[in-house]
Amino acid sequence: MPLAAESHAVPTIVDIAGLRKSYGSTEVLKGIDLRVARGEVISIIGRSGSGKSTLLRCINGLEMFQEGGLSVDGKSLLYDNATAMRELRQSVGMIFQSFNLFPHLTVGRNIMLAPTLVKKRDKAAAEEIATKLLERVGLEDKFDAMPDQLSGGQQQRVAIARALAMEPKVLLCDEVTSALDPELVGEVLRVVEGLANEGMTLLMVTHEMNFARKVSDRVVFMHQGLVHETGHPSELFENPKTTELQQFLSSLKD
Amino acid sequence: MTVELNFLAVFQDWPMLVTGVIWTLGLTAIAIVVGLTVAVACAWVRTEGPKWLAIPVAAYVELMRNTPFIVQLFFIFFGLPALGVRFSPPVASGIALVLNLGAYGTEIIRAGLLATPKGQIEAALSLALSKFQIFTRVVLPPALKKVWPALVSQIVIVMLGSAVCGQIATEELSYAANVISANTFRTFEAYIIATAIYLVLALMVRSLLNWAGPRFIFGR
Amino acid sequence: MVDFTLWDILRNLIIAAQWTVLLSLIAFVGGGLVGLFWLLLRLWRPGAFKLPFAIYVQLFQGTPLLMQLFLSYFGLRLFGVEVSVWVSVSLALTLYTSAFLAEIWRGCVASIPKGQWEASASLALSFGEQMRYIIAPQALRIAIPPTVGFLVQVIKGTALASVVGFVELTRAGNMIANVTYEPFTVFACVGLMYFIMCYPISAYARYLERKTHAVSR
């Protein structure tokens, strides 16, 4: 399975080429090349400020980039084309560090909202989807709860269900456990792992190195706005080639 | 149809505009100095003053806040003489502006006072400061600092509101515009220029107060 | 000279106060619509409309309402639009109200976490859907108390319409004071009537304010 990602039989789903992005005069991404195969699980690691979040946010159009190309499922990203953006965002789901559930809607309605509005599902169908997804993340009894009645781990699982309700082809996860109390991390990681095993294409920024090693097909180490080193987790963690990665990994140990 | 605008005619009466600006700024200055003093005193009464005073002060504040300034002004200028209390236009204007800013200022400063942590007062008490000293030195400065932006906004509102004082022939800026329009028949131009001057004054007064507050009113 | 009893004065003032109420409603509803329009432009394309929005707000918040009333009155005439004082006064008060409400509401929207925009965008919601289902419901809750509070400012603002000859409560007070020679009583009554209209609204706004704060804690 891990090797499948590198074989050319599996089609590319996300294709990033020479992507550059600046905030004002500071360049944050300095020419990123990355191809993600369908079903591949990629962990992005790197120091704070290396541009990991920015890269993820470029992929679903939350940030605009200035140079280079980005395409998802063969369609390139066009900022000024509302229909194209809407299509892109339907195929790319995102989970945020701070959950970002809609506080004024019940858990069920959080999940049902986008399918009814964007995918034009009728209420009954959307409800069925929501119920199924809540079951899948282990929260079947929380359909009518309000977000602020849930723990952080539960909120994040709802956020995952909400993203899945759009049946995305790619799921972006930006440090999805960083805002959680340590005892709640496990329940969220188990859900993510389940997705990985079911063949979902995942791009996740994470500081959980053990988790990255366990579930990833490939690990990408970002440094100063570039993909600095990339490879299979066993090889990358055991045999880091560049000194920057060696330093980064050893800085995590103490 | 073509509209001919002649702004130059208005500027030929520039001494009137200058007088108007001076009166507007002068009235505003009086409102700031006296009005804020009233506001601090009333805010003190409402937070820690005696009950028998707190009720009339609350009534004053609510009365001012829930009636139009122009009615307050007319009451003072036209109404009070019936009781034998007669003011010249500028004095009536000054009183009305002071009372108005005093009322709004009371509510703003009171909110700041209520936000002062109790611990600071206890610490000050343990230093054997008098009640008056505690209020003016310990409680008031941080409260003013906290609400200064709101006070500045209110002062600007009061300054712009002073345009109404021209209605009782106080020679402030809007009155100047009125007279110029009568002299030149350039009514629209006169009001446009006066309005533009008000805009500049509002921006200037705002930045001046934002600058002055930390330096002279509540320190640092 | 006519003899006016206190009841005559009050009765005439109450009749005039109806115009104050009507004018306030026009300004409030019209200002709300225009303000909403500006706010939506500002949120829809921040890059293009941030500056025009700020200038619009500053123009109306940084100049006296009295001047705005004069300019609307003389300006419309100067440009050949022969309209009644009703129209010029409604126009000025509507624009004035719109600037304040737009700015109040902008602040309310700005206080909603950025993550709400991002999460809804990442779910492929359009700008309209984001506004309608995510932002507006949350902003509305915060916006109601200051909006109700501003209604008091609008009611008081209509008093200035008297200066350009619109006969509402204040103007009626002026006229009655002139014929009765009882300015003290008349202006006290006028003030009282404004107070009766405004105070309940102020108190209600304060109650709402406390309630929303209590919930968000």
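Just so it is clear, A, B and C label the chains in written order, and each chain counts residues from 1 on its own.
In this section, contacts are C-beta pairs under 8 Å (C-beta built on N, C-alpha and C of every residue); 3 or more make two chains touch, one makes a residue touch a chain.
Quick caveat: nothing in here was measured; it's all calculated off a predicted structure.
Trainee: Taking each chain's centre as the average of its Cα atoms, which chain lies closest to the overall Cα centroid?
Mentor: Minimum centroid-to-centroid distance belongs to C.
Trainee: Please name the chain that ends up farthest from chain B once chain centres are defined by their CA atoms averaged.
Mentor: The most distant chain relative to chain B turns out to be A.
Trainee: Nearest whole angstrom, what separates the Cα centre of chain A from the Cα centre of chain C?
Mentor: 46
Trainee: With chain centres taken as the means of their Cα atoms, state the distance from chain A to chain B in Å.
Mentor: For chain A versus chain B, the centre distance works out to 55 Å.
Trainee: Which whole number of Å gives the spacing of the CA centres of chain B and chain C?
Mentor: So the centroids are 21 Å from each other.
Trainee: In their shared complex, at which residues does chain C touch chain B?
Mentor: 58-59, 62-68, 70-71, 74-75, 78-80, 152, 156-157, 159-160, 162-163, 170, 173-174, 177, 182-188, 190-191, 194-195, 198-199, 202
Trainee: Under the stated contact criterion, what part of chain B meets chain C in this complex?
Mentor: So the residues of chain B in touch with chain C come to 1, 3, 62-63, 65-72, 74-75, 78-83, 156, 160-164, 167, 174, 177, 187-188, 191-192, 194-195, 198-199, 202-203.
Trainee: Which residues, counting only chain C, touch chain A once they are in their complex?
Mentor: My answer: residues 113, 115-116, 118-126, 129, 133-134, 137-138, 141.
Trainee: Under the definition above, what is the set of chain A residues touching chain C in their complex?
Mentor: 60-62, 82, 86-87, 89-90, 92-94, 96, 98, 100-104, 113-114, 117-118, 159, 162-163, 166
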